[in-house]
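Please find the structures below.
In the two complexes that follow, chain A is the common piece, with chain B as its partner first and chain C second.
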Partner chain A sequence: MNNDFLLLMPMLLVGIGGIGLMIASTYESITHERMAISGMGLFGVAFLFQLGNTVAHPTIPYEQVFNGMLVVSDFTRASGMIILGCGLATCMSAYTYFKQNPFCTSEFYSLIAFSACGMLLLTMAQELISVFIALEIMSLAIYILVGYNRQSQTATEAVLKYLMLGAFAGAFFTMGAALIYGGAGSTKFTEISASISANGYAGNAALIGGSFLVIVAFLFKVAAFPFHAWVTDVYEGASTPITGFMATALKTAVFAVFANFLVLNNGLHEGWINGLFYISILTMFVGNLVAIGQESLKRMLAASGIVHSGYLLIALVAINTEQFTGGVIAYYLAAYSVGTLGIFAALSYLGGEDEKRMNFADFKGLAKVRPYSAAAITIFLLSMAGIPPTAGFMGKFYIITSAISAGQIALAVFGIISSILSMWYYLRLIVNMYFHDAVDTFETDTCHKMAPVCTMVLALCVFAIGLYPIII
Partner chain B sequence: MFEHTLSLMIFLPIAAGLILLLTPAGKGIARVTGIAISMAALILGVDVFTKFKPVGELQFTEFIPWFPHVGINYSLGVDGISLFILLAASVLLPLVFLLFTTKEKGYYANLLIVQGAMAGAVCAADIILFYIFWEIMLLPVFFMLGLYGGEKKIAATLKITIYTIAGSLLMLAAIIYLGVAYHSQFGEWNFAISKLTQLDLNGGVATLAFIGFMIAFAIKIPLFPFHTWLPDAYTEAPTATTFVLSAIMAKIGVYAVIRMVVPVFDEDFARFALLLSLSGVFGMMYCGIAAIAQNDIKRMFAFSSASHMGIIALGVFTCNVQGLTGSVYQIIAHATSTGVLFLFAGIIEDRMQTRKIEALGGIAYHAPVFALYFAIALLASVGLPGTSGFIGEFLIILGAVKFSPFIGILAGTTLIIGVCYMLWMFQRVFFEKDNELTVTFKDLTLKEGICFLPVVLLIIVMGLYPQPFIEKIEPAAQIQLAHLADTQHVQVADSVNAQDHGHLLELNK
Partner chain C sequence: MIHSYLMVSVILFCIGMLGVISRRNVFTVFMSIELMLNAANLAFVAFSRLHESMDGHVLALMVMAVAAAEAALALAVVILLHKHKGKLDTNVFSLLKG
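Moving on to the complex of A and B:
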């Protein structure tokens, strides 16, 4: 039992820390800066704890904790580390962001901690009700965070859209869970798997319908086609650090549980492999089409997030249910998260007051005025585009390798074509930053270095993860 | 010198370039660093050349496990084919730093990075490592072209970048396919090029992978019909970038075909060789005819360079030792002649502020030394006997005739087009009447003359005494073709004979 708690410690730390931060925020003497620092400290400690757990138990696959309700594997630990790292980086960029956009109240950081707690639970959940609870813990906090800027129309629009559609997704999930319970007689993944192995999958209508609804809910959360339409508006409306957090940590958590769900049984995976095949192709291409037309950086990044979801779906199609390690998915998520968070951290301080600089055209000539920031953004973009020696390249390499190994040559080729298309909008920003004359002075509040430091650290991480893939 | 010579040649320039970019160093420091580092690379290159033994295997090998669980290793080595591209890069790049004195810091730093990346691409013995350097190579070109290029630089930059990246990503898919195929045939992951040649590849997917590789390299070389980025990029790029692109980077495309496609995809290569060589010959003609019509010296050289790349590629596609040896020889000859011609075009542009042929004339009266150097490089480029260009073209045409007399005759006659545009241009720029502009043309200074002297001498030495070069190339060329010989007995059987080649060289002398 002791051991169980030790394994869950990062999640408990973040959860209790979130409550602590919430209480602390009621005191007037505790300022936003102090809250931000405490948030960073919380995530930092939890991250180190998770790292310690990963190093101390390097090779135990599928360790069941809490009576089979949760699982701790290398995959969940790696996903947990990514989520906690994202939380840390988000706190750092928020610190600087709220210097220029003064609508922050101190509860902000406790909400981030709550959502991270839900995400950690989600990565480990091995039971449908736990998945639902974790999903809701995460989502409720995220809803509030999306609409945090109450004065802003776009934020209000974003939160309404997200809340309505998110509620639908939650309802779909519950319905699906109920049907699966009806079909398999249990909500535990292991027992569902045993039931499918014993009775077969294809003939069981309740199971098929139930898993369909559950998969729909996951596809909604990761913004895969055809549930991607909300992404651009919601990402644009949310404040920059939150957009970054949603794009990375949330996606990591949902992909982790999605993978855990799909690998629970070979029959289930086989049953959905064709559907996911087409969805991943459509997700990549629709995402690219949406991204190419955007003028706003945040909307472009939202659409590029759709494309990356498509790549991750390739990995999901290609997973081997017998020997699942999740290494490919975790690695790609780490690479993607570092790149995306890095850009959002940079936007947090370069955006200026009221996020006035958010379009491609606003960043013309950035390299002439702020060469280091421009270089960092270039590194992130190259990583997202998959140019070696960045992390994004190795991520793409692993995904395509897994696809070809699984015999999915067509998926690999479509993935490659999609990355060629995506070069267009990544290059467009680089061209704007470097090859045009400066139209702006890009002055920012220079006394708060937190977000710039975070950006530079993440830029180094891009290479560190690319050259020493420790996760896989 | 010591066991990490190749690593040093790769990472010394890259590290120096990155440090220059990250620190607020000035132009002067950047240029001095550039000279020092490129000279160091030259010394290392000469060291490698003198210690190189004329055998076919990889030498100066280095091996460090990198991602052992997927069989990716940091493994380097040079053979007779890569050696000369490595040397060409280390001999030619110091010229740029010495000649162009007033550029910005980023210009010199990017040049250093590209130098290191090119060395990495030719030394890589692991295909993933090759791919990594292949992509890194593009980045400095992207920035140099976009930052310091001519008027239409952004369009040209996007064109070359998207073209090249599209090619590389297709190649990446093909590379991964090879890795997976190796895993399924031999039960372990390995991406070493020498291991991949043992693969037994057949079937539709293998052909697709072959096409993936060929498209990537055809774009880089560039081979007709993937050449459309070249005129824009070469014309808009600053002189040093054009020089790097034409003199070395295009050659790495050919090198990659020799090194990766020929031994790995032996069956598919033999099957498509005729089509590919027709594409090479057609590119030669098309770009040559296009060059005649150009009014801008640099653009004309761009087309001429594309035309020459057609013949170099043709040598590879002939699938015999003569053609392949000729190709490698021609790679060096072309790097020294056309590369230098681009530098001369840059000098004309610097001094006259124009590249229009009709605005120039009579330069030879005012700058005899410049005209002499220009003429030597130009004659080497058209393949006059006694210059390096002759040996290479002769071997390639010989190989082509053996491969298919029709293609050989076609290629041989096409060479005349090269003479047409080059001499006609020379006449209009250097002879005829001088005008107000060209009266002011200053001849090469002593320093510039000394800079160019070694390269000009190299052109002549390689034209008169090719033996030391060919004896190093040939064993490696035979190894590359060994696999092909198994699949194509009839055509290659007579050419593997080494004596055959001895005759040939005597004929040349």
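Moving on to the complex of A and C:
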């Protein structure tokens, strides 16, 4: 009983901490710097709790109270750690970012805590309506964060676009849940699985239609191929630390629940392998095409996020529903999150006032003026491109080998081709930073070192995560 | 019997979907999304009757609560948009072209 409480502790801590921060923000004396520090403390403590929770096999906390709606496993623990780490890094980079872009109020950090709470719930939820509610807790907080700069027209347009499409996807999800409830008689994953095993999957129209709608909603949230157009606009409109948070923590949470949903029964996974096969190939190549044409760094990173979703979809095609551990997916998410968050942390302080440096051309000659920042960005880009000995290489290696061992040779080959294509736009920024003369002085508000420290720590993490499987 | 209820639900869902795709007014778009959520609620309640369990009713209530929260946020966004442009037509919001 006591152990159950500890398993849910990170989520409760972040949720209650978010409410506490919201109340604290009403006091005049509490500045947003103090709130940022408390936010970091909150995420740090929750991260340590999540690290301390060891889960040998999947456990159901408070089975009587929650009716088995939440399941904690090693996979949810790992994704929870990624989400909390992203929260910590976002608070750190936001601290410096808001020194140069003064539109922060202290509620900002409580909203990050609320969305992280929703994400943690999302990774653990094993029931469709719990998934829907967790998805909405997460999304509602993220919508507000995207439109946080109320003076900016681009931010307002971004939140309109995201809210309209996000609510649309949410409606798809509820309709899917309703149809699955009709087909299987329950919305709990275990009972849906039992119903599929007893009555079969292929002949049940309500189940097929329902799972189609649910998968469409998930594909929308991770910006996979037919539903990827919103992502570049929304990422461009949002403020830099929030873009980093959306690109990493949100994707981690949604992929965790996507994997949990697909592995609930072998029949369901088999039924969608072909569809996901084509979607993952198209996602990778369309993402690359979009990324190559971009001039803005944020849009390029958004498009490269689409490509990374494609790799993760390969891992979803290749999962083994009988012995699902989620290790490959969690590892790739960790590697991707560290790289992306690092670049966004660096952009948070290099961007300058009103995000004036955001294009490839603005970063010409960065290495001559700020060699350490340029080196850190290079490390992140090489990790995202998948060059050894970084974390990104190991992540891609695991995904490709899992695809080969699942018999999906074609997917493995396409994955490698796409990763070679993606070098083009990653190397372009490196070339800009190292092989041009500096035109800009890159002066920033130097008295606040929070984001630079965060960048350097994440750069070390790239190697730490990359070497982790070798040491263990 | 269940077929008629389901048919109504699917028709409502499709009307909502068409509204989101074709309408240009922000309000109408959000109303269409509410319509889609209500179509799902109708399906929940109808299936609940079919399975003779109360689960579906509870789930429909949950969906309504979430829809209300979403509507509150949507209205706040509409006010923000109106402050910027003075119009609620989605065609005038064209700074971001992806």
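Going forward, the second predicted complex is superposed on the first by the 453 of 472 C-alpha atoms of A that agree within 3 Å, B and C clash if a C-alpha of one lies under 4 Å from a C-alpha of the other, contacts with A are read in each partner's own complex, and residues count from 1 in each chain.
Quick note on the criterion: a residue touches a chain if its C-beta (ideal position, glycine included) is under 8 Å from a C-beta of that chain, and two chains touch if they have at least 3 such contacts.
Keep in mind the model is a prediction, meaning the values are calculated, not measured.
Legend: residue contacts after superposition of the two complexes on their common chain; A:A438 is shown touching neither chain B nor chain C. Of the two partner chains placed by superposition, A:I292 touches none, neither chain B nor chain C. More chain A residues lie in contact with C than with the other chain of the pair chain B and chain C.
In the overlay built on the shared chain, the residue A:Q153 is in contact with chain C alone; chain B does not reach it.
With both structures placed on the common chain, the touch criterion links A:I416 to chain B but leaves chain C unconnected. In the superposition on chain A, A:L12 contacts neither chain B nor chain C. Touch criterion met: A:I129 reaches chain C, while chain B stays clear of it.
Once chain A of one complex is fitted onto chain A of the other, the partner contacts of A:S405 are limited to chain B, with no touch recorded for chain C.
Looking at the shared chain after the overlay, A:V45 reaches neither chain B nor chain C. Chain B makes touch with chain A in their complex at residues 21, 67, 69-70, 128, 131-132, 135-136, 139, 143, 146-147, 153-154, 157-158, 161-162, 165-166, 169-170, 172-173, 176-177, 179-180, 183, 205, 208. On the side of chain C, the complex with chain A involves touching residues 6, 9, 13, 16, 20, 26, 29-30, 33, 36-37, 39-41, 43-44, 46-47, 50-51, 53, 55-56, 59, 62-63, 66, 69-70, 73-74, 77, 80-81, 84, 90, 93, 95-98.
Chain A meets chain B in the complex at residues 375, 382, 385-389, 393, 396-398, 400-401, 404-405, 409, 412-413, 416, 419-420, 423-424, 427, 431, 434-435, 469, 472.
Residues 129, 132-133, 136, 140, 143-144, 147, 150, 153-154, 156-161, 163-164, 167-168, 170-172, 174-175, 177-179, 181-182, 185-187, 229-233, 236-237 of chain A touch chain C in their complex.
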